[in-house]
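Each chain carries a letter (A, B, C and D) given by its place in the written order, and its residues are counted from 1.
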């Protein structure tokens, strides 16, 4: 081992240490050296908020050390996550419990408290509630829509007993359009005593429910029965009467008018050869079929578009005898606005879907349509939050069909004599809360305001309009009613076993194509009860008697804070506020002195008072702290 | 004439200033020369693999922080990759990049401690380790900003990371990344060519190349012996294939080479972090994963290049919410296999220096 | 009383004391003993404080700043803490030897100061064999250390003690040879005369001598890079592992007193003691002592530790030959220029030093270290 | 990318070499009879184009009716890896041949499996408990250990 370059390496090292003599020593004594507190604070203090906690014991389940002990007594008040997600606010856990106890009639009463169309929703609702169901955390969400359908199929009309109609108030309300929004508003306004007349342009009331949704999803007699219920309350429906101007209605002495026209006009594709024979527009196609008019369809049918309307048109075409139906959609399956179950049902029935393809030209040649399409590719995200498809140059290809149905979208068709401001997509602009338009006494709701949307959203709009019209006409605007008997002795869920969704039986493929019979058969009795029992009763679990965290075992990993669905648990990260006295620090600069706005910190000796150490709580949820009335003080004296 | 000396047993035992935790070397000494050395483990055995079988897949994450407590971010990364492979969960882009940044920061922090401890064992009285701890303090502040803790981070989740980084994280990281190479040069000037360190470290505790492969060593120990093997390059996981960085290797495989390899790796990590910061996309940081993950029946093995070597998690699942078996391949334990041969014949001081250069962490050895 | 007079030694040095000294020999003795005691205690406290703050600053940290203003009272706090600690004697250890060891280590360290000249002529007793006395006394301390190592009945302490003995013995010779160089140039053994002879500080005349002396002295006192004795990373705390309380305080004191003595000797031998242009001589002495001490703990903060066999090899194979050559060259110079050494000799000596160091470092090997077992 | 060799290919090669040594083989792993383990391992290590010189990990899993020991082998030159498994059915004192003679890295891992799972490896230089103390009764990682 040679000792080469004697001393030079050592000298260089000495130079480095010497240089440090004159540099500012790095120490945690200087607070500003300390960086800011991270947003996800995880300190030594666990704060639990009693109001927000729903007692769903997810935190106890998620704690790896098993330190959280929670006892719930079940007299809760806060609505369950699924009820919050439902636009109309149906109390889902409550009617699930009625079904579990084998009382479907009471269940329908609970549903009818919020929506006048329980069986329609049971068949066609897009069920936003199932996305929020807490059971999904364990295995799979509850099938709420089918439970609603089961309840309505075994209903004995118990809800009529408590359904009251107020005495006539002498006010007259005109509703244009008998879709879900219009009829819901009519129903509630009639119950409040106003005399309501509904004007419907088509021969049959029901709007999109009647003409938009084909029979195999919602059979017509179910709809007619529910509309009968609405008529019993005193709603007068005039069909085949198209209303052209609002002023004439006002002259006839109506005090308030509700425009619920819906979105019945199909959007034109705007490509060459769109008017050639054999090219149909989906809304009119579905309307003719559902009204029973004779519609001839060739053996090869193409449907352009990816929404529910496109799927319905395709499956209706199949049932009308089309041999081969293909759907062309310019984006991919992920971006399809249609309901996933509908898309699967269509694929099961043999519908072929070409993704990333868009029509560019239609050439009509001796009774046959040459559809020229172009391949697309997905580019940047556009305003609707989906990626904008761009055509690929030179990738045209042609296919021949007998009919082409355009289902690329719908928009309301508003006669200009209404004199109302028209917003984007030809919709009426209304105040989002009260749904009142700019003209006095005129209200608008449903698809005409929001553009094509789901049935449940239209019903929710209908309820909102009923409230605002009643207020406009001088009432209090209360449409809440209690139809169901009060619930006795409901206990929260103790232990839940693993259980999956039931398989809903459907018609076989051959039966489906032969007729317009309903595809989905309902649930049997014991299957429905089993499914209802899977509900975690989130609304009942509140009223926490005992919530204790054994600080000794807790390792402050923060998993419970993340697991809590209602953000009722969080941790404060506190620096011990160190008291610096001038003399104590040799290198103390002026700014070291404790000042309020500067954030003191550091690992200096914490000044320990008699009680607990003074701690600066640097919580970004500070505003939340003052709301926490009873502070569950779990802090052990830190550092004693 | 050889003086007749009688060897005696000295316990460089569990409580010893330079055994990096509770590791005991039963050395039989003949005067100063180590005649035989037998490592004794188990002082920090907590049975983490048994504990993991009782916890849900998310509940095991805090356990992984306590494996190699000097690099807990990488342990969680290995475990989380294994679960994602098992359950087939995809991770959003931003989360992948955040994981790479955190893992590389953790590699720098772990190497700082490793090199500092090694130099301290060679006798430089606390100066190098204090300079390096000053840098490590900055990294810990960055971690504190991101996940609120300084040692057991519990930051990564199955399907991404638990929280997005606060806005003041990137500027602070940028400042750190720009100043770090300067600090590394300062360490080099302090001790790289120091004659006494050269004498104490060069040619001491040699691990030849074939033996390194034979004892399946990993990380700087393997690369120090001249084997060019790095999981990030050989079997790139996460998004490591999008960065260019090179793998430093030593020549002889002595303490000095391992020390130099660690210093170079710190520079490469800074390079990776710079590239990762430029390509950091925006978007979600965690994909939709139910709280009680229930992967299908089967098994999966995922391994990463942890600072100390190849850290692997072998998960067997029986479609319940807890792993059926969670086996951990601990690089530190396997790197110690050859410690006895590397130390026999050298002095006590060299035994301590060689042990320091292998850089083990008892939390991972004893599990 | 006659014995005392005669012990004054020939030539009546005492008479040469400045007239304002009151009283006779006994007064002088008393005053100086008190001065030395105060000087040692205060300077040791100052050294402890300076080292801890200095090291802190060299390592980019604050250093103690809690006890008293600027942390000045930190050594006092340490002392009180150590005194209050329980004094444990290992069960199977040799009780008497364990108790006696710190005393045997501390007394010689204190006795060195008898001959250190604080000011012109201001030293307890101006022995005409000053340097020889110092070298003799300083090797006694090693016996104390070995007694401590043996009495603690602890393998680590024994290892530490054996290392210390080996190290001190092998570094004694280069130490003495480099002192011999200085004595040759100064022409007398007495410390006071050495200082007076240093119109040109001997560090310039004897650069190689200074280097060898500094390294050998560091080894004597167990300071980095030779602090094998209490190498905390290898043998926990060396010989004073089993000591606590009062005895540990004494060992702590021994360490710093020896460093103080070392820096004092270096200032007298090489940096021309108390001679300096403006400031009062005593202050110059202090400044130089502190400067040397700064060099010592600056080295301690940067350089790693050598292995025991390398320390030995360095002593026998490197320092000893260099010291001999240095002595030989100095001898030639003295013979060639008897009337006093001209100034240009400084450059010659430095050149020789550089040549010798580079030559020797190339030639000299520190030894492999691996023993076939 | 480290290519994971499919179990079937290697199984056919090994069957030609040692008939009857393969119990079962799937896409990602290969179960070998415990008697043939040592010979198969040497074959895998020595043949030039396989050249599994690096043993990544050995782990044991307790499936109630049999213990499964998983050997993960990697080759650095060809950058491919293979998973070899063996099973031993007795629960009282299961034994397997030790591979320490081929890969020294297996030393501690086999001692750990002996310590925690109770599978003894004959041919291991010093088969003692690795983590638990000598007098400890029982093997904690077994599913029936309580």
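The rule we apply is simple: a contact is a pair of C-beta atoms (placed from the backbone, for glycine too) under 8 Å apart; a residue touches a chain by one contact, two chains touch by 3 or more.
Quick caveat: nothing in here was measured; it's all calculated off a predicted structure.
J.: If we look at chain A and chain D, which chains touch each of them?
T.: Output, common partners of chain A and chain D: B.
J.: Where the CA atoms of chain A average out and where those of chain C average out, how many Å apart are those spots?
T.: Centres of chain A and chain C (C-alpha means) sit 84 Å apart.
J.: Can you give the whole-Å distance between the Cα centres of chain B and chain D?
T.: About 26 Å, centre to centre.
J.: When the centre of a chain is set as the mean of its C-alpha atoms, what distance in Å lies between chain B and chain C?
T.: 44
J.: Could you tell me the distance, in whole angstrom, between the mean C-alpha positions of chain C and chain D?
T.: It comes to 63 Å between the two C-alpha centres.
J.: For chain D, which residues are shared contacts with two or more other chains?
T.: Nothing qualifies.
J.: Which positions in chain B touch two or more other chains at once?
T.: 127, 134, 190-191, 194, 196-197, 199, 203
J.: Which chain A residues sit where two or more other chains touch them?
T.: Residues 1, 3-4, 6-7, 10, 13, 16-17, 26.
J.: Check the chains against each other and report every pair that touches.
T.: Contact pairs between chains: A-B, A-C, B-C, B-D.
J.: If we count contacts the way the header does, which residues on chain B are in touch with chain A in the complex?
T.: My answer: residues 55-56, 58-63, 65, 127, 134, 137, 141-142, 144-149, 152, 154, 157, 162-163, 166, 168, 172, 186, 189-199, 202-203, 290-292, 294.
J.: Inside the complex, what are the residues of chain B that reach chain D?
T.: It comes out as residues 41-42, 45, 47, 49-50, 211, 213-217, 227, 229, 234-236, 301, 303, 310, 312, 314, 316, 324-325, 327, 329, 333-334, 336-338, 366-367.
J.: Considering the complex alone, what residue numbers of chain D touch chain B?
T.: 1-2, 53-57, 59-62, 70, 72, 76, 79, 81, 83, 103-105, 107-109, 112, 116, 129-133, 140-141
J.: Inside the complex, what are the residues of chain A that reach chain C?
T.: Residues 1-4, 6-7, 10, 13-14, 16-18, 20-21, 23, 25-27, 29, 583-587.
J.: Which residues of chain C touch chain A in the complex?
T.: Residues 56-63, 65-66, 69-71, 298-299, 301-303, 318, 357-358, 361-362, 364-369.
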